[in-house]
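There are structures below to look over.
Two complexes are shown next, each including chain A; its partner changes from chain B in the first to chain C in the second.
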Partner chain A sequence: MRVWLPALLILLLLPLFLPRYPVEVLTQGFILALFASAFNLVFFQLGLLSFGHAAFFGTGAYTTALLVTKAGWPYLLTLPAAVLVAALFALVIGFFSVRTSRIYFTMLTLAFAQLLWAIVHKWYAFTGGDNGIPGIPVGSFATSAAGLYYLALALLAAGLYFLYRLDRSPLGYALRAVRDNEARAEAIGLSPFALRLLGFVISGALAGVAGFLQVAWQRSAFPDFLYWTKSAEAIIAAILGGSEHLLGPALGALAFVELGAFVQARTEYWPLVLGLVLLFLVLFFPRGLAGLLGRRDARG
Partner chain B sequence: MLEVREVTKTFGGFLALNRVSLRVKEGSFHALVGPNGAGKTTLFNVIVGRYRPDGGEVRLRGQKIHHLPTPKIVRLGVGVSFQRAQAFLSMTARENLMLALLGLKGGVHRARPLAAFEAEAARAEELLGWVGLESVADRPAAELPLGDLKRLDIAMSLAGDPELLLLDEPLAGLSRAERRQMVAFIEGLLRRLGLTLLFTEHDTDAVLRLADRITVLHQGEVLAEGEPEEIKRDPRVIEAFLGGGHAQG
Partner chain C sequence: MELDLGFFVQQFLTGLATASTLFLLAVGLSLIFGALGIVNFAHGSFYMLGAYLLYWVARGDPEGLWWGMAVVVAIGLVLGALVERIFLRPVYPRPEHHQILLTYALLLVIEDGVKILFGSAYKSLGPPSALAMPVWILGAPFPAYYLVQILLAAAVAVLLWLFLKRTRVGLWIRAVTQDREMLEALGVPVPRLLTGVFALGIALAVLGGAATLPMQTVSPGVAVEAVISAFIVVVVGGLGSIWGSLLGAFLIGEIQAFGVMIWPEFSIAFVYLLMAVVLLVRPWGLLGRPPVVRT
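Up next is the complex of A and B:
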């Protein structure tokens, strides 16, 4: 808490002093922070590397985009639907994926996400195909840079608080128990499959919230939201920030977006810079940026 | 209490258990011995629901349990401790026990922080006292020596107030001195609690001291069964393993 509250206060005041562009970049950082934190629930708490979380980010985004453009729903009211649809996709994909472990889990999640991307990419009549869904009316509040900033910050704060509570609850411990020792977990009455699936669905639902926000940030939805590179962004953010700390992926996401904006304004070699930064961090700060906070795990 | 009837288990073409039967009487300490590969751990895993038998049945107080998964079996009053000391290494000893208490009650889906479960905290304290781990209660399990981990493992298996306790090689990996302590600890604690015990073990002295009854497995079959003195004198057992008059595992 001693880290959270001052950080939140500063973030609340920033739009009052900053021009539009940095506010928009920070908003993009919050969206990726929420996505990466959702991903990290599966990565750290369950010990499973999902390479398909873009599926839930994308289905959340497309649910919002389709409900606004085809059914005329107000943007903000699509949030529960985006969460629900992302959770349903996570339930189906998780049902098949969490039975497997390690590389098989990673490959299955990647395969499911790529399958969904291919469908969205080609289904012109429904999703707009590779043109996506442009010009989505998201309402005046979400159109203003400050409005969307506060909306994204509020949802990120709520998501992180939820993950913080989950982390300390018996369910959080049970998820880590399954990760630590499956046989022992079963011998104290826990069902590894049910717990992994539950963790995966919660994570997918939170990723759907990030997708919902992305629609307002771009006022569009594109198939790339479901592409593997979007999943990779969450992985990079978690590694940059440190997956062992609750705030790690969020810090990593903010650093990733801010650094990306800074470097891309000066050179076209952003991927090269990112590669060097990742190399440096993995070699010299394997616990990521959050490791500098000096606490070993999320419960500190 | 526990009855294993004609249980057969194969892995591919390998016959790991061939029509194995045994009865564990209520309140008894029953040992399962045999050399490596005799089928002890396979039988243990069949009883706790980790392996489904190809034939035969397992009954607990008359109820068939061989089709049930481990989480359901342990909630029927069976405590389980596996061969290697197993705890959740990212948690403290106290957290391990509190999670075990909640898990065995089906109570892990509640929203309060784990630390706020006062009844479970009090019970965890009691269990820590039983196994002598109060002083290391808040240390991560990853930092505990093997002897303490074994005690923690046994405490976790007692968390559901079981009537039957299954211990797979509780002395494995311990030094001679630690073994003596562990045998005294198991005997003192479990007799006091009035539990029924089924255990596998290689340590002959420990088996002879703890067990009321011994089943000897050899190449997946029951070679002999009886009281320790009978087993020590059984010519089939002597011929198969002992050479010196001890029921060596």
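Up next is the complex of A and C:
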């Protein structure tokens, strides 16, 4: 805790000193951090690699975008709805997916997310098709760079605190028990299917919060929010940062976004640089950025 | 509703041409997954690269197609072998997500590499003059080049099947999907075999991409779409099965060809739906083998 309080204080004071652009970049970092941390709940605690988390990010974002533009809801009030809809999609997709394991789980989550993407991409009457929903009025608070910064920081901090408590709770131990030895977990009375589904739904709901924030950041919603490359961003951030550490995915996301902004200001070949960085990290630093800080103590 | 037979046959053959491309794209992915256990996210990138390489080798001359394809396949073999030796071999003992991240990194590098070498503009190469005129089948025009694509895919399927069933190396490749350690104990040079399988898989993807160039334009964005199509085919047909890839490619090609007639906007959604249903009902695919439970 000694490290985190000053870090939080610095993050709270930053918008007072920084110009608009770096504040916006940091905000994007917080959003991806929340998305990657949500993904990591399924990846680390359940031991399942989801390639479909863009589905929950995207449905959360589109719920907010549609409620604001079609029903005239104030932006901030759409948060519960975005969480609920993302959780519902996670419930349906998870219901089918968590029965399978390994590569089949990865492919099934990918298939469902791509199915939703295909529908959003083509349903011009409802979702705007491949034009997306541009020019969403998100209110003066979320329009100001500092306002959105604090909103994203608050939701990220709340999300991370929630994940921290979950990690230490009996539920966290139960999830890891199912991950490590399904047969034994079942023998002591745990229900692997129910636990996996619960973890998956919580993860989807958190990803929906990130989607809700993304709408304000871009003041638009696009089908790309549901495309498989969006899911890949969460995976990269989580593994880059170190999925074993609670803060690893968030650190990875911040590094990913900051590096992206730095490189994009200098060259258009950001994917090339990212690809080379990933090659280098996978081949030489397999335990991620958090791996440099120290090992997570072996628990439960 | 009166169904025009000529139109029906035309749609069917168009679907078959799509299926031929999908088969060449996906069969290598399936082989690589079967033998190496690696999900190659860069597979669509090599497919895209094949089209660019053909464009480069043929120098914009459609008559250069035939020898161009031969050269491009040779480049694909060398490139595949190099990538396997340099990047994949170190990550075989690692967890799956490291392998996925590595091949995803290759996807990013190839995508921008192509932009640097060839620019972002669409590239195309017409069919050779002998195939420029359509053939008439039951009173409907049909691009002659589609027939070449269909024959090419059929020839590759038969040759690949003969190779795997009738040759010693083919036997080893089938064996390595079952039990790598046992094969090593029998004195088979497994590392070299894996390099060969990866090179073969990449060469097939490169061939598939090159073969589309006379009919379609190519751009760097082709890769991310292609790799997802390849996943669908392989998942529907069964990971590691050649006939599965053929069946998967056939189903996806025809669903797209006829789905466009029934519900044009959502024909691609049908395809993802098929993928999800197959994964739920038969996770190992229509022609795949259920995983062996080891005790």
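To be clear about the criterion, the second predicted complex is superposed on the first by the 294 of 300 C-alpha atoms of A that agree within 3 Å, B and C clash if a C-alpha of one lies under 4 Å from a C-alpha of the other, contacts with A are read in each partner's own complex, and residues count from 1 in each chain.
To be clear about the criterion, a residue touches a chain if its C-beta (ideal position, glycine included) is under 8 Å from a C-beta of that chain, and two chains touch if they have at least 3 such contacts.
Note that the structure is a prediction, hence the values are computed from the model and not measured.
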{"item": "Greater chain A contact set [chain C / chain B]", "value": "C"}
{"item": "Which superposed partner A:169 touches (first chain B, second chain C, both, neither)", "value": "first"}
{"item": "Partner chain(s) touched by A:25 [first = chain B, second = chain C, both, neither]", "value": "neither"}
{"item": "Which of chain B and chain C A:8 touches, first, second, both or neither", "value": "neither"}
{"item": "Partner chain(s) touched by A:111 [first = chain B, second = chain C, both, neither]", "value": "second"}
{"item": "Which superposed partner A:188 touches (first chain B, second chain C, both, neither)", "value": "first"}
{"item": "Contacts of A:259 with chain B and chain C, given as first, second, both or neither", "value": "neither"}
{"item": "Which of chain B and chain C A:96 touches, first, second, both or neither", "value": "second"}
{"item": "Contacts of A:76 with chain B and chain C, given as first, second, both or neither", "value": "neither"}
{"item": "Contacts of A:180 with chain B and chain C, given as first, second, both or neither", "value": "first"}
{"item": "Residues of chain A touching chain B in the complex", "value": "165, 168-174, 176-177, 179-181, 183-191, 297"}
{"item": "In the complex, chain C residues that touch chain A", "value": "39, 87, 90-91, 94, 96-98, 100-102, 104-109, 111-113, 115-116, 224, 228, 231-232, 235, 239, 265-266, 268-269, 272-273, 275-276, 279-280, 283"}
{"item": "Parts of chain A lying in touch with chain C, wherever the complex brings them together", "value": "43, 49, 96, 100, 102-104, 106-108, 110-112, 114-115, 118-119, 122-123, 228-229, 232, 235-236, 239, 269, 271-272, 274-276, 278-279, 282-283, 286"}
{"item": "Chain B to chain A touching residues, read off their complex", "value": "48, 50, 69-71, 74-75, 80-82, 86-91, 95, 98-100, 102-115, 117, 153, 156-157, 159-160"}
